[in-house]
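In what follows, chain A forms one complex with chain B and a second complex with chain C.
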Partner chain A sequence: MSDRVVLTLATAPSHTLVADCIAADRFASLDARAIGQLPVVHGGRRARLGDFFTVTGQRSAALRIEGDLERVEGVGTGMAGGEMLIAGNVGPDLGLAMEGGRIDVHGSVGENAGGARPGASRGMTGGEIVIRGDAGAQVGAAARRGLIVVMGNAGPRTARAMIAGTVVVFGSTAAGAGRFLKRGSIVALGAIERPATFRYACTYQPPHVPLLLRYLRARYGLAVLDRHIAGRYERHSGDLAELGKGEILQWVAE
Partner chain B sequence: MSAPSQLRISGGTVYDPANGVDGEVRDVCIEGERIVAELPSNVPRLDARGMIVMPGGVDIHAHIAGSSVNQGRRLLPEQHATDPVPAPRLADGATARSGTAGTIPSTFTTGYRYAGLGYTTVMEAAVAPLAARHAHAELDDTPIIDAGCFVLLGNDEYLLRQLAAGELARARQYVAWLLGATRAYAIKVVNPGGIARWKSGGTERDVRGIDDPVGSSSVTPRKILEVLAGVANTLELPHPVHIHCNNLGQPGNVATTLQTMQALAGQRAHFTHLQFHSYGGERGKGWKSAARDVIEHVNAHPEISADVGQVMFGPATTLTADAPVEHLLYASTGRKWVNVDIELETGCGIVPYAYRQQAAVAALQWAVGLELFLLARDPWRVVLSTDHPNGGSFLSYPQLIRLLMDRTYRDEQLKRVNQKLLAGSALLDGLAREYTLSEIAIVTRAGPARLLGLKSKGHLGAGADADVTIYKDHPDRAQMFATPRHVIKGGTIVVEEGQLRRAPPGRRLAVRPEYDAAVTKDLKRFFQDYACVSFENYGAEPVS
Partner chain C sequence: MKINGVAIDDTFAEAFTMRVARLIITGRNPKWAREAAVKLTGFATSVIGCKCEAGIERELPESATPDGRPGVSVLFLTMDKESLPQQLIVRIGQTVLTCPTTACFDGLPDVPDRLAVGKALRVFGDGFQASKVIGGKRYWRLPVMEGEFLVEETFGMQKGVGGGNFLILAGDADAALAAAEAAVLAMTNLPGVILPFPGGVVRSGSKVGSKRYRNMIATTNDAFDPTLRAITESQVPAGVNSVLEIVLDGTDAPAIEAAMRAGIRAACRPGVQGITAGNYGGKLGPHHFHLRKIMA
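Presenting the complex of A and B:
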């Protein structure tokens, strides 16, 4: 047992590398050799995780991944616990259908982070994903529960068809945010393009937002501004073409 | 030619109810593809001492091949991603295929898994004639199991036209021709008239009772059922008409179910997934169990038979030709769905589903199925099915067997389910019955084989197909039935020491009744006017 497992990208993939075997909780019961033997798919061909990453440490649910992972897809798929720190950018499908645990990305992520498997009706069902850079399209799509925080900008169709759960965006949020949203919240601290199917409800100080922002500051050390904590928010209800119990909470200056 | 292979399964405890063998220690001898009465003592032996020997399982009603099943697979890519199945390692390096499982396994996986469960014969219960070639192509890729298709006829445009015109003789000839042309084994009726109404697009989207007119006043569900039951019995088909009644899955449908049974009084008929047709209550006002009324009728009428269509808790995929029902299910669940009109013949609807213990209706359905099993007096006529994948996967059969055999376990499960709709259920009165191993052998093998008219299946007498399943005796019957120790199919040991080792192709079971060729002349005109395929390209004759 070590303090943590560290995966370091040693051989850069020349094609897309689907590494949906990487999940912090999964490594808690595996030794370094077994971790290296886990299956990945590189450019449609089968390979082993150890063909690309050097593994140090073993049998720990604390995981750190280093290297340029922009071509690596599906990291944290189905993860149900543990802590994962990604020291740079990472590709699409991060935390796909994740159930629990925490993923902290010190960089940007590709599309569909916290989203659903192709065809599935539910994306992530629990856990937390913090993205310190930008998020690609469809972050939090179809999420059923859980928290996603984007410190940079979020791409198109953020929280698309989200069932419940929370997405916080510190930067700007692109078009199509919250389309087909059933319940759940999008907290937009920057600019957001709201779909026409959202309706303004009121401007108020939602009590849970300051709690959430203080938690993010304390737990992850995120640079949360006091004016966001003390600020007022416009509540827009939607998606009215769906269940309509969701909300976009847009920060407005005091 | 080499001598046929011989094998003596020695010392096992044999359950062969068709031949009156109830747990006797005796040998079973196999020569080539058949069971034989006796073999010399020096032939190879399979030591089955302390084990339980039964004929291979026979599934009378499942959905395993064809266009609707495949559409279901296409609808569920997430199940493929989460449940991939590597190719098994077969003996002698024989080629095996990987696949996917989930609620609708891929073709090869279906064959491997049925065999792994000790089943050697499976009936595909709903094939649209237009898709018969597709169904046969998939069954060609479903190894090990012998399989047959039931062809859908209860809403067939040509048939309904003949009934409307009073051309009953021609209708009969058409059915006889179609059975042969599609290489089918039996006639299937799904929601007679209801799908035709659904497709016609009027304000009435389904039939409500068996005397509702369908297009013409002379065509009713009653008429369709009478004619098709009559054809099956006149042609002396091995299996009578296989009926999925009107109003499936709706409260109060017991009235329709009993009327349907009475309409066919005195005729042989098989009522499928009876559980889905045994609800009291009233539409929009509530549900209750009416299993007692239905099973009493079945008990009192030896000419009819049924399979239960048990609901098992967990994921399922509802998949049926009963398109209006699938629309209701979609509307109540909001899940993804498919609904297809199959031209002149039938419909198709698919909605993925999950039966949850906490859900009141699912709990009622579960209880109704068990009531039917436990109140059935003749296990030969009320056999086991889950209407795979509608009520649950065939992989849940072992769990169902445990529910039937182990009252303590059953009562424990009963306490966990939602009780809201269970008032009046016989299950709450404490049904004490526990199925014996012999009765399980009847409802999973001997009974279905007899109802299907498969004389060489479901028993271990001399001349029977050498389909044998050998279980290691275990007090947990679910575990015992889930993992047979050995499975022999047509004389080949396919499962050896619990491992799938061989996967020979299965055979197709089909009928080919005589018909008057005059019917094809009229049919050709009909095809020319209305069908999307030419008459010559229709059907499922093998392409040479």
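Presenting the complex of A and C:
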């Protein structure tokens, strides 16, 4: 058993590399050799994780991944526990259908982070994803529970059809945010393009937002500003084309 | 044994095992946090008549509360496991939920026994309530006319101690009250302890049952009533004309002991002739706080 497992990208993939075998909790019971033998799909062909990554450490639910992962898809799929730190950018489908644990990305991510598998009705059902860069389209789509934090900007259709859970965006949020939202929350600390199917409710201090932001500051060391913690937020309820019990909380002032 | 010329009786306080919860109530400022805490802990002096005992443990600065606002820590005790959640649900629902700006958090997060208090209170939201999981804890957001009330879903429950006590035997009522006030001041803000009676002081100490009325659970402690010295089996020493009692509840025996030590030391002042304690011969309560051992 090691303090943590470290995957280092040794051979850059020439095509899309589907590496949905990478999950922190899955590595807790595997030695380095077994981790290297896990199956991946490279350009539509079967391969082994060890063909691309060197593996250091074993039998630990703490995982660190190093290298340029922009062509690597599905990292953290179905992850149910443990801690994963990605030291750079990563491709689409990060934390797909994730159930628990924490993923901390020191970079940007592709589309559909925390989203659902193709054809599935539910995305992530638990856990936390912190993205210190930008997020691609549909971050948090169809999420059922869990927390996603985007320190940079979020792409189009953020939290699309989200059932519940929370997406916090520190930067700007592109068009289509919250479309078909049922019960979840989008906390927008920057500009956000709201769908017309959201209706303004009030401007207030939601008591859970300071709790959440203070948690992010303490747990992840994120640069959360005091004015966001103490600030007032506009509450927009929606999507009224759906259940309508979701919300966009947009920071407006101290 | 004497402290500042005050005799410490060779006896012990007999206390009981109770169930305790700790609540952290926060508000926009200390005033509103305290308003809620005072209402919550009102009419909670003794399980004999109130079904629970509660009190303010201490005031908390912003840095010590979950949401970074001023807060008050409250201890809440009942005799059994079943009645603690019932009392908490009713009282939080009527006093904290109703109080402007407040939120209510669990102060025993590491305790395995959990009471679904917030989960029960959530139905006040009539279907408009929402929950959020933050740092592994679930919170309920209840819509209210002011905005939202935030309450943690579960609260920890552990075994506590109720009924720690000592009696101040003084030459007159003024000296007894001054000593009691000094004792309360010394015990205020000590961790893990509350003084559930008004101002922390009891003037009507009781004995179990009645000599005359069959249906009375508790009646006046005639052995320590100075006015009955001549007509009852009195334990009031000569020269003593007023007796006040301090009752302590806490999270554990060491917390009670530490508070009794501080309180008794402060109560040993001019006009006080002795310090003693109430017990039932050691047959009812498992916790015995021997005064001389505590003060040694």
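Following the convention adopted for this analysis, the second predicted complex is superposed on the first by the 254 of 254 C-alpha atoms of A that agree within 3 Å, B and C clash if a C-alpha of one lies under 4 Å from a C-alpha of the other, contacts with A are read in each partner's own complex, and residues count from 1 in each chain.
FYI, a residue touches a chain if its C-beta (ideal position, glycine included) is under 8 Å from a C-beta of that chain, and two chains touch if they have at least 3 such contacts.
In this text, all values refer to a predicted model and were calculated from it rather than measured experimentally.
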Touched partner set for A:A120, first chain B, second chain C, both or neither: first
Which of chain B and chain C A:R199 touches, first, second, both or neither: neither
Partner with the higher number of touched chain A residues, chain C or chain B: C
Which superposed partner A:R219 touches (first chain B, second chain C, both, neither): second
Interface residues, chain B side, partner chain A - complex: 75-79, 81-82, 335-336
Of chain C, residues touching chain A in the complex: 66-69, 103, 128, 130, 132-135, 139, 141, 147-150
Complex contacts: residues of chain A adjacent to chain C: 126, 145-147, 166, 183, 185, 202, 204-208, 210-212, 214-215, 219, 229, 245
Interface residues, chain A side, partner chain B - complex: 78, 116-121
